[in-house]
């Protein structure tokens, strides 16, 4: 009897103590370096708001393992409060009815007013907010070591032709022109930038968003593959399997001249104490100036049963869009804030340029395209099919004609 | 020959002397149902967690499931898609190459070194531990270390160049045609010591009087091994084969850590294909159909072998 | 026999032995090289690796990388730093899993060897075939079952999973060991009126030491090194050390800290390597004992 009373008191005690404070379990793969520091900021803010943060980090393969964990948890009826999923994946989870409605937070904080339409479209399912955007990455960047270019009398290449000329020159001098990491997603990142450069934004849209068979089988597509194959003669032998940050460090150290990578690469330059304009260039991928391939990271919110945890989850969604978090996170990560009203004065010139292009393309209604390589433009099934063809093409002696045929077939099969 | 033919080995199936079960039938009391009761949790586990899940996966392979299971049936559509997928065919071919080489070489290496270690070697304990320890490492560790060693720009090739052998070349891991063999190398490094231990145990289990008899008859050491010892170790080969096949079919961690399936898709295997399509590509139906095909393949190859081995020993 | 001939034979025997030892030692070096590389790298400082080569002898030995990997590295946004919390989770998970799966295996093996009944042989064959099930295929249905049992994302759930998928192998071990024990022992005991449990405790268990060692070592290695179950069926409070190591090593931002990665890899592998070094002798002995026929 006494024991029972004790137990009741103990239970009552815990319930009373946690009546206000909820817990958010956040599944993500920002496990190390600048990314981990960035997400730790959000954790601090959640803690300061009186809630607790359960950190669920699972690294590996651009979220491959985290996705498996999320599916496992979802079918076991025990989904985490929040998970790092993005793009069309959000819609798929929304269709299955797993996501929480963030409308109250969104309307009281005027998300519709502060977010550009391209961003809010991705965050909404059936017209309701279900995810909170963390940042906007621009994917079509080219990073260059200034000293290497200067020493060899090379001006930043503005189009593909200049890029190959510069690469040829560097190669002749025994310098690796392009730092590349031979992993499927990196191959795809390079490939999509080339498609954008060769075919332009509308063509990019036809291929990677609409999956228009005519465009997929077009001459422009073959040309894109031709250009893509050229990259191969300017990378070093150790590229296959290399992580992107290792490739970035080659550019930082001057072992290589260029890298084609999204703006997260800037985080590496900053961490190494390098300054844009003086140590390195952040350039639009040759021939894609004035266009913007976007990649939005987001935390999707899953339906929770416990009311306290729900409250904590809503609070976190609110905090993600707070100017303070947007500032700190994006400065660390190299991306730009999602809020159009954000004060950009604290950011470096690359981020400012990126924001300008983003706003301009967004206002003009053209030149702003969703990244295929980063899951913004199409379903994971079709994205995977494109990955397979691109990486197979890049790592074999497959002809461009065959690649065009295989690509259109693979996309059709995955639809 | 009857005294020495059941060697070693964990998996050794043996002749039964039929009387063992007769007593249980005699008393229909507690001893009649107790053994069944004791075994029942495992029976339940096997039915639900192995065969139940196989059934579930089979059902799923006939549905249009995408990111999560759903039960809208589409017939053989997923199987058609599977076999039209170039990557799947490549993965099957890679598994065949890897499986044959990995199992074959591990067996040979394991047997040879078991025989060598069996020659009254002085530091046998230490050597045996050295050969065996890779088995204690996780495939993630093995993959990470070998990835470095075999990478031409940081590993052994660079090391050799730095110390003056500029002609040295070892770049299989970045060569799509050769990369699968690097997986074989790392796999053998990890598992051959364990096979050696199984064979060593098998050799130790052989009745020495037969060997002595053969030697008295004038047989050379080589002949003793090839004519007498190795043939009598058939059950040991069986055990080793089961263990290695089990590792080969499930090979996943090692390849993910070593090559990530690349360059391109050059080292893709069915386990990786299944994992990616099921969990990151949102094509659970295709993932399930690949699992079913894999299971059918395993059944087709292993069951006849299991059957003949188990049968063979009973006679 | 002339003197020279004897000398010749002795000479041959000695060179034969020398070649044998040389081969064994060279192969041992091949097996040791990766471990050696790991250890050496873990004692180097990052400054040294940055300016030098990856494969190089340390100029100054430092334990910094080890300390960092153990309890200083920030993994994700966790409060508790380093591999230590993950390591502890692994210990909490591995001990009950190994003991339970071994206990089940011993009992199953005992029944399947000495208390056969109609269908028990067939069941054994089905169990054996189950060993080849690719685990990627059962992740989702198993998650559903764990969810229904209320133990998804917990150490308990992981223990349950490892017992369920480990019991096929342990049953195999014990069954094949027991069928080689002299049947007369058990027959006599039964005639004396000893029951099921009595025979197990008094006769079988005392004879089981070698195979217990084999089973425990095997299960310990498998479960400690498991990544797939560990990553899929855990939550932040139960993620095992393989998941922690993967989180640490699979970094895609910041400098690759080879020394810390290697120290972490060794820490994660330490318990299993120790088990092999200490108990390796009993492992081979246990395997051998399986062959001793009465």
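In this document, chain identifiers A, B and C correspond to the written order of the chains, with residue numbering beginning at 1 in each.
Everything that follows uses one rule, which is that a contact is a pair of C-beta atoms (placed from the backbone, for glycine too) under 8 Å apart; a residue touches a chain by one contact, two chains touch by 3 or more.
Given the structure is predicted, the values throughout are model-derived calculations rather than measurements.
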item: Least step count from chain A to chain C, where 1 means the two chains touch; value: 1
item: Chain pair showing more contacts of the two, B-C and A-B; value: B-C
item: Cα-centroid distance, chain A relative to chain B, in whole angstrom; value: 39
item: Inter-centroid spacing, chain C versus chain B (mean Cα positions, whole Å); value: 15
item: Residues of chain A whose C-beta touches two or more other chains; value: 60-61, 68, 71, 75
item: Per-residue multi-chain contacts in chain B, two or more chains; value: 68-69, 154, 275, 279
item: Residues within chain C bordering two or more other chains; value: 139-140, 246
item: Parts of chain B lying in touch with chain A, wherever the complex brings them together; value: 66-69, 81, 84-87, 147, 151-154, 171, 173-174, 176, 179, 256, 259-260, 262-266, 275-277, 279-283
item: Complex interface listing, chain C residues touching chain A; value: 73-79, 139-140, 143-144, 146-148, 152-153, 231-233, 235-236, 243, 246-248, 250-256
item: Residues on chain B engaged by chain C in the complex (per definition of touch); value: 3-4, 6-14, 16-17, 19-21, 23-24, 30-31, 34-36, 38-39, 41-43, 45-46, 48-54, 56-57, 68-69, 113, 116-117, 119, 121, 125, 127-142, 144-146, 148-149, 154-156, 158-159, 162, 189, 193, 197-198, 200-202, 204-205, 242, 245-246, 249-250, 252-253, 270-271, 274-275, 278-279, 284, 288, 291, 294-295, 298-299, 302-303, 306, 310
item: Partner chain B, residues of chain C touching it in the complex; value: 20-21, 23-24, 27-28, 30-35, 37-38, 53-55, 104, 107-108, 110-117, 120, 123, 125-142, 145, 164-165, 167-168, 171-173, 176-177, 179-180, 183, 186-187, 190-191, 195-197, 214, 221, 224-228, 242, 245-246, 249, 261, 265, 268-269, 272-273, 275-277, 280-281, 283-284, 287-288, 290-293
item: Chain A residues touching chain C - in the complex, by the definition given at the top; value: 25-26, 28, 30-37, 39-40, 42-43, 53-61, 65, 68-69, 71-73, 75-78, 243-246, 249, 264, 267-268, 271
